[in-house]
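Beneath this line is the structure, given in structure tokens, with notes to follow.
For clarity, chains are labelled A, B, C, D and E in written order, and residue numbers in each chain start from 1.
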Amino acid sequence: MQRIGVFVCWCGSNIAGTVDVKAVAEALKNEPGVVHSANYQYMCSQAGQELIKDAIKEHKLTGIVVCSCSPRMHEGTFRKTAEAAGLNPYMVEIANIREQCSWIHKDIAEGTEKAIVLGRTAIAKVNLNAPLMAGESPVTKRALVIGGGIAGIQTALDIADAGFEVDIVETKPTIGGKMAQLDKTFPTLDCAACILTPKMVDVAQHEKIKIYSYSEVVDVRGFVGNFEVTIKKRARFVKEDICTGCGLCTEKCPQKKVPNEFNLGMDNRRAIYIPFAQAVPKVATIDPNYCTMLKTGKCGVCAKVCTANAIDYTQKDEFIDQKYGAIVAATGFNPISMEKFDEFAYSQSKDVITSLEFERLMNAAGPTAGKLVRPSDGKHPQKIVFVQCVGSRCAACAEKGKEYCSKICCMYTAKHAMLTRDKYPDTDVTVFYIDVRTPGKNFDEFYRRAAEEYGVHYIKGMVGKISPEGDKLMVRASDLLANKQINMEADLVVLAAAIEPDKSARPLATMLTASMDTNDFFTEAHPKLRPVESPTAGVFLSGCCQGPKDIPETVSQAGAAAAKVIGLLAKDKLKGNPCVAHSDEMMCNGCSSCEKVCPYGAITYEDKEFRGPNRTTLIRRIAKVNEAICQGCGCCTVACPSGAMDLKGFASKQIMAEVDAICK
Amino acid sequence: MNNINEALIPAVCEIVAIRQDTPDVKTFRVLTPDGKKPFIHKPGQCAMLSMPGVGEALFSITSSPTNKEYIEFSIKKCGCVTEWLHAAEVGQQITVRGPYGNGFPVETEFKGKDMLFIAGGIGLAPVRSVINYVRDNRANYGKVDIVYGSRSKDDLVFFEEIINEWKNDPTVNVHLTIDREQEGWDGHVGFVPSYVKELGFDSNKTAVLCGPPIMIKFTLQGLAELGFSNEQVFTTLELRMKCGIGKCGRCNVGSKYVCKDGPVFRMDQLEELPDEY
Amino acid sequence: MQKINREVLINKANELLSNGTINRVFGWEKGDFSYDVTPTIYFTADQMNKKFIFDDFCGANFSKYLVAETKKDQNKVGVFLKPCDTYSFNQLLTEHRFDKEKVYAIGVPCDGMVDEKKIKAFFGEGISSITSEGDEIIVDTLYDGVKKVKKADVLQERCQNCKSKKHVYYDELIGEDGEVLDSNRFDEVEKLEKMTADERFAFWQNELSKCIRCNACRDVCPACTCEKCVFNNPNSGVENKSPANEFEEKMFHIIRAFHVAGRCTDCGECSRVCPQGIPLHLLNRKFIKDINSFYGNYQAGEQEGSRAPLTNYTKEDLEPSEAVNKGDN
Amino acid sequence: MRKCLLQNQNKLFDQISSFASLYIPVETTGGNASFKKYEQGMVMSDVLKTDRSPKDLFFPQTENLMEFKTSGKNIEVIDNRKESEDFVVFGVRGCDVKSFEVLDRVFLVEPVDTYYATRREHGIIVSMACGRPAETCFCQTFGIDASAPEGDIVCYKTEDALYLDAKTEKGKNLLSKLADVTEESDGKEALKQKEQIKTVLAKLPLANLKADSFGKDKTKEFFDAPEWQILSKSCLGCGTCTFVCPTCQCYDIKDFKTKDGVQRFRCWDSCMYSEFTKMSAGQPRLTQLERFRQRFMHKLVYYPTNNDGLFSCVGCGRCISKCPISMNIVKVMKALGGIDNE
Amino acid sequence: MQVNEFKPKIVAFCCNWCSYAGADLAGSNRLAYPAEVKVIRVPCSCRVNPMFILRAFQRGADGVIICGCHPGDCHYTSGNYYTRRRMALLFSMLDYLGIEKGRTRVEWVSAAEGAKFAQTMNDFVQTVTALGENKRLEDLRCKK
């Protein structure tokens, strides 16, 4: 029988507001096993924790129940408290009387009654708890960063600088990501390439960093500290280690009509190409969809001109297995497709473009060498209309847009407007917005400069329709402040498309067993306290895969993720989760049901000798759980018909005791 | 107290004292809530103790009937009822029914005899009841020898009582032994059966034997070598029981019910039973 | 076709015993009446000559005995297996319950086993002998003289709805192998499904209330080979020994059916042995039927090593809510 | 002797059930019957062997013994049995009637099992002579006469009437309350039936089975018999034989945690179960052989040893028809007695 | 008139990673649902043994709901796929036995779906309330 202490937290008025905490403490006093019951304003505070520690010692407690906020919040805290007082941390149970009680109920009687039941349930469980000891597993001192944009680059550099090996896997032929496509950055207007490319070079030259470009992760096995990852290195038909990146082949290749994705299809590249001048790694890649040689076997120009003999048409996809201790997802974002936004005539007129396309048009390395011209006729646009929130904050049109705010559009549109007016003062620039959101250092000043110093017309209003009329675009919008309809002619319309997580994130999340929200952004372990960790141990989040961010935020989050990774890799051993499956060999049938459902392959079998009746020996096949591999899902416990398999910390008897306590 | 007509319905009693005898043996002193002895028993008898919801189990009464104040149970931790009892505190109520079984023939076959008590480990629990009965009715019995052994010094139950009372009783010879050498132990070291042979008792004694099966087996051989006949040796059996009154069938061995016809058997009676105990 | 009678089987067993292939063989033993055949083990042909029987009442399936028997020594055990027995045999192999190297399986044909309870339902108690002649069963009674009945009418339920006459495992086959059959075994399940929930509840309430928890269904079941059943294990939290009330009757039978779901070969033993005549096979068949319709046809035991539906999944599986509504027509 | 025309049978039942609970065998499914509490219109089945014996009505499969309430360290014991009322069990066959003697010698010896005793006190048994004994019947082996069963009232059923003969005070008392649905009779018809039954009994296949070689003090003779090995070979260790047996009386006592207390109940147990004798210290009957042997030794040797030679089997034959693998006491007796079939 | 409003007892098994977090989110967002719902935290919905569900009904629950991550999003990769199969078969069996099908439910609720959690619970409580007390899988001993 346990000696249980119950500690009811007020959480200020968060709990005490709707739950009579004293009544709860009083009621739980008489539950079986309870020898001490107390309540306090903030159990998680230093003083609250001291209270618990003292009670553990004074009342010789063998188990404690804290009625407080969600265990997802403070279970760890109270386990540490218990441990500090000499109690096994797994003798702690939390009754969630805040998130699942006081916050959702208004009636004090009702809230109090439920809190008592929840407390009783936790007590029933603790009565059957047993001290658990965590097993240990080694840590592979190498990190994997998936995604080579600014987020991945920064994370990789920070980890590598701390002395750990890092691999970057990037699907594109070069790292750099979206930032490489940008012209200038807000609010300082420094040149994106000027600040990014040195970092790319740092990555390329860092002895601890290895880049797998033109590659993807296809399988992830294992667990924190011991991931095993299969990377598919796609054939680029160019020997990466030999190619000097001289670019001769990309000039001689006869296949010239390949849409250049780096410039968002606004110009062409060759079938063999280097995405841009500062690409890292700076090696050529053959696009098998367009290469005549690969498609028909007739051509071979690039091979002929290559002085380094780097061309290899027979190259195959390569699969590399590598072990890692930690994985960082940095898969980034994309603007959403504008196809569904027909009212803005994106597909009807070449002169309706997205902001990212505008970014390329303004870029000196872009398709127009930085000259702002209309894609349709190459003429300088006199009147430009920017439309904000295209697909963002789109609660009413969820089927084509996103409910969330894409966060960066207000600022880059201000930047675009400003840059346009700066370079081409004769251009008339109008911005249609719903709200202008500028919460960031120097952001509002930046926006005001655009509106006030640069004479950008900001109109609060929705654009209803854009239709090509002759070589002009007719913009129909409403001016919400003036409360009138506006019909406006424009030469160029720029749509601030919402951003969404990269499509590769969803399958990756499945492989990582990391959870995602409804928008396919990775979920963080805690939105406030653990924003760069995924709930899956050993998986960290960097950049826009977790949610829309601008560059400074991305870089700081990348650094934070790196710090977490470094913290993990710095350990030689990891304490495992002791809540793992365990098979009672006396009851095990050796039927393999558990093995079949185990997602981690943590169960193996062995033939073991048992004493049979009358001094005989029986050999039986029995299951063994590898505790370092088991993650404690408990699937095997239900697959096991004999009940030999149970889960420590969530034992059948414990759960049934909880059921009993609730239903009482 | 216990209405014999309601054999299965227990009385509520209270644990009034708990003594930790060895790391896994505790002795519980039990009285009715109004402070009386729950029942009058014979040495060697048992009683059913239970905690509702945990279970009921049969334990031998370790105190002597001559103790007019209380009854005691010495209980080794093994199984759920005993585990629960070991976690219980003074003041805890439990239910008690009994006494059950035949007990030792202290007033008949033992009377006037030289007694040899041999026990191993927790096996001393039922024997203690007879030893103290004999000590309290000293005139009715001849010489008394006690051989008691355990794994280690720490596993000797009633150690205080043995040292302070039995050893100081000039009419009783106490022979203690432990299985292996241990610091702070200057007594005999070795297993009980060989110690019994070493001590070489007269075969005119009546022996009471209780302990683990392996000890009983070899001690019996030893006693036989010393010239004891089966009619001179008594032992007490422990089987899984539920009702305690010879009805539920669990403790049925041959035509005997251990709870009713036992638990005390003379070795020659036991020999008659099928080997299923 | 060679007539398979007891002599053929005794000769086969004798041959295997004397050439050392096996040192004992599971076979049927005749009883005091025509129908009380007991499964037993024979060590010599002589014993077999005295007691072995192979007739319409040899329903007992030896597969489950092999779990314990094969662990006893290193010798091979012989066993006669009817087609449906081989499914149980295979399923046990799939679950690694014994080593097939220690068994010599002799496949024997089966044209259906007779249910003496059905005969008694026709003619009452007082049956002195039962013999079969072609497709007729001749019953000699104490009170009403000799009676005849069509064998098809008094076959065991499982034989009336025989799913397969094909042996899915054997070391040696005696006679010719049959085919997997199209049976109507789900008809009764469908009938129940078509009832209203109230009717179904009443039906099962009535049936399960007969249960005396003798565990015969479980102990005879070739899928129930657990070292220790959860219902016998005080630590499982669901141990219960008696059908203390309606709930516990349901609990036992639901959980038992669930534990064998996907592993049950539909051998029908549970219903055959139930002393209270509860149609337990209708629970197992419901699971089989659901599995077939939700996840595609699956016959437990058909293939050694096949993955049971409950230890498998597809990403497109139907939702529990759909499953419940599917059964509702 | 009183006579009740079959057409008035239900009136008789209605009459009885007006002052006492009445249990009669009622057909469940083809050829099966069980004792059920009589409700108007129910038809008494002629099926010889109810699925469960009437033992249930005196020693139910589960029975609450008492309840406990606990609070803090305190316990309260509550015996919430109510005053018992009289009940009548109608149509108990000779073998089953005899089983009560077997049970009485267990439950009614000191210390008396009051739960059973109360029911025995309040239960009135109307036995029924077996018009058509089954091939599996062997009550004669144990000296039971199916043509003249014991009971508070003995009943003979002929083509057209029930003949009721009170044997005890309880029986007479009951019969006296049934005067308006019965008429006085000389009982010739009953006697005729009795004779007829006797001739049938002599022809039964197991008519010559003898239990003479078993009984008191034969433990040594049979305990180590080699036959147990093969007899127990196929035993599944289920409890069917035990639970359908009218004389098996082993039970278990268990606690059930209710909403706010503990219910202590007893339920039938079986010596065939592997857990029966298991204890934390070990298991004295390790294999099914020992458990199998215990059941039959108890019926044929141990019980008679303690009970003046009375066997703890009444030859009802339920185990013969219910055992999943058709092993039964007859086969055991024959094997141990050295009788081979053919 | 005395209105004796029936308040069902609901046991909700929630997986630790998605649904329990979803329940927490519902709390953080102060999205109310009836107090009759009590949550038991399990590591994964696949930890829920059919025995627990029956046990809940035995002990007096009127409805049992199991919440897990959306299929494909299981923290343990595949746990909820097994849950889906197990519960599909179990619920179908309960229905076959004549147990009201509204008393059991499986719902996929992600950590981000606080609103869905609250709404699911509201809806489930409503369904079970309409069904009334659980009579078909009750154990009277647990009610007194």
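Details
Following the convention adopted for this analysis, contacts are C-beta pairs under 8 Å (C-beta built on N, C-alpha and C of every residue); 3 or more make two chains touch, one makes a residue touch a chain.
All figures in this text were calculated on a predicted structure; none of them were measured in a lab.
Considering every other chain in turn, the ones in contact with both chain C and chain E prove to be A, D. Taking the mean of each chain's C-alpha atoms, the chain whose centre lies closest to the overall C-alpha mean is E.
Centroid analysis (C-alpha atoms only) places D farthest from chain A. For chain pairs A-B and A-E, the one joined by more C-beta pairs in contact is A-E. In whole angstrom, the spacing between the mean C-alpha positions of chain B and chain C is 51. Here the CA centre of chain A is 72 Å from the CA centre of chain D.
The residues of chain A that reach two or more other chains are 597, 639, 652, 656, 660, 664, listed in rising order. Along chain E, residues 50-51, 55, 60, 72, 78, 82, 86, 141-142 each make contact with two or more other chains. Counting only residues that touch two or more partner chains, chain C has 230, 237-238, 244-245, 310-312. Inter-chain contacts occur between A-B, A-C, A-D, A-E, B-D, C-D, C-E, D-E.
Only residues 71-72, 95-97, 225-230, 233, 235-238, 259-260, 263, 307-308, 310-312 of chain C touch chain A when the two sit together in their complex. Chain A contributes residues 30, 613-614, 660, 664 to its touches with chain D in the complex. Chain E contributes residues 9, 11, 16-18, 20-21, 23-28, 30-33, 35, 38-44, 46-52, 55-56, 59-61, 69, 72-79, 82, 86, 110-113, 118, 142 to its touches with chain A in the complex.
Only residues 189, 192-193, 197-205, 230, 237-238, 244-245, 247-248, 250-251, 254-255, 257-258, 261, 283, 286-287, 290-291, 294-295, 309-315, 317-328 of chain C touch chain E when the two sit together in their complex.
By the touch rule above, chain B contacts chain D in their complex via residues 4-12, 51-56, 78-79, 89, 91-95, 238-240, 242-243, 245, 247-250, 252-255, 272-274, 276-277.
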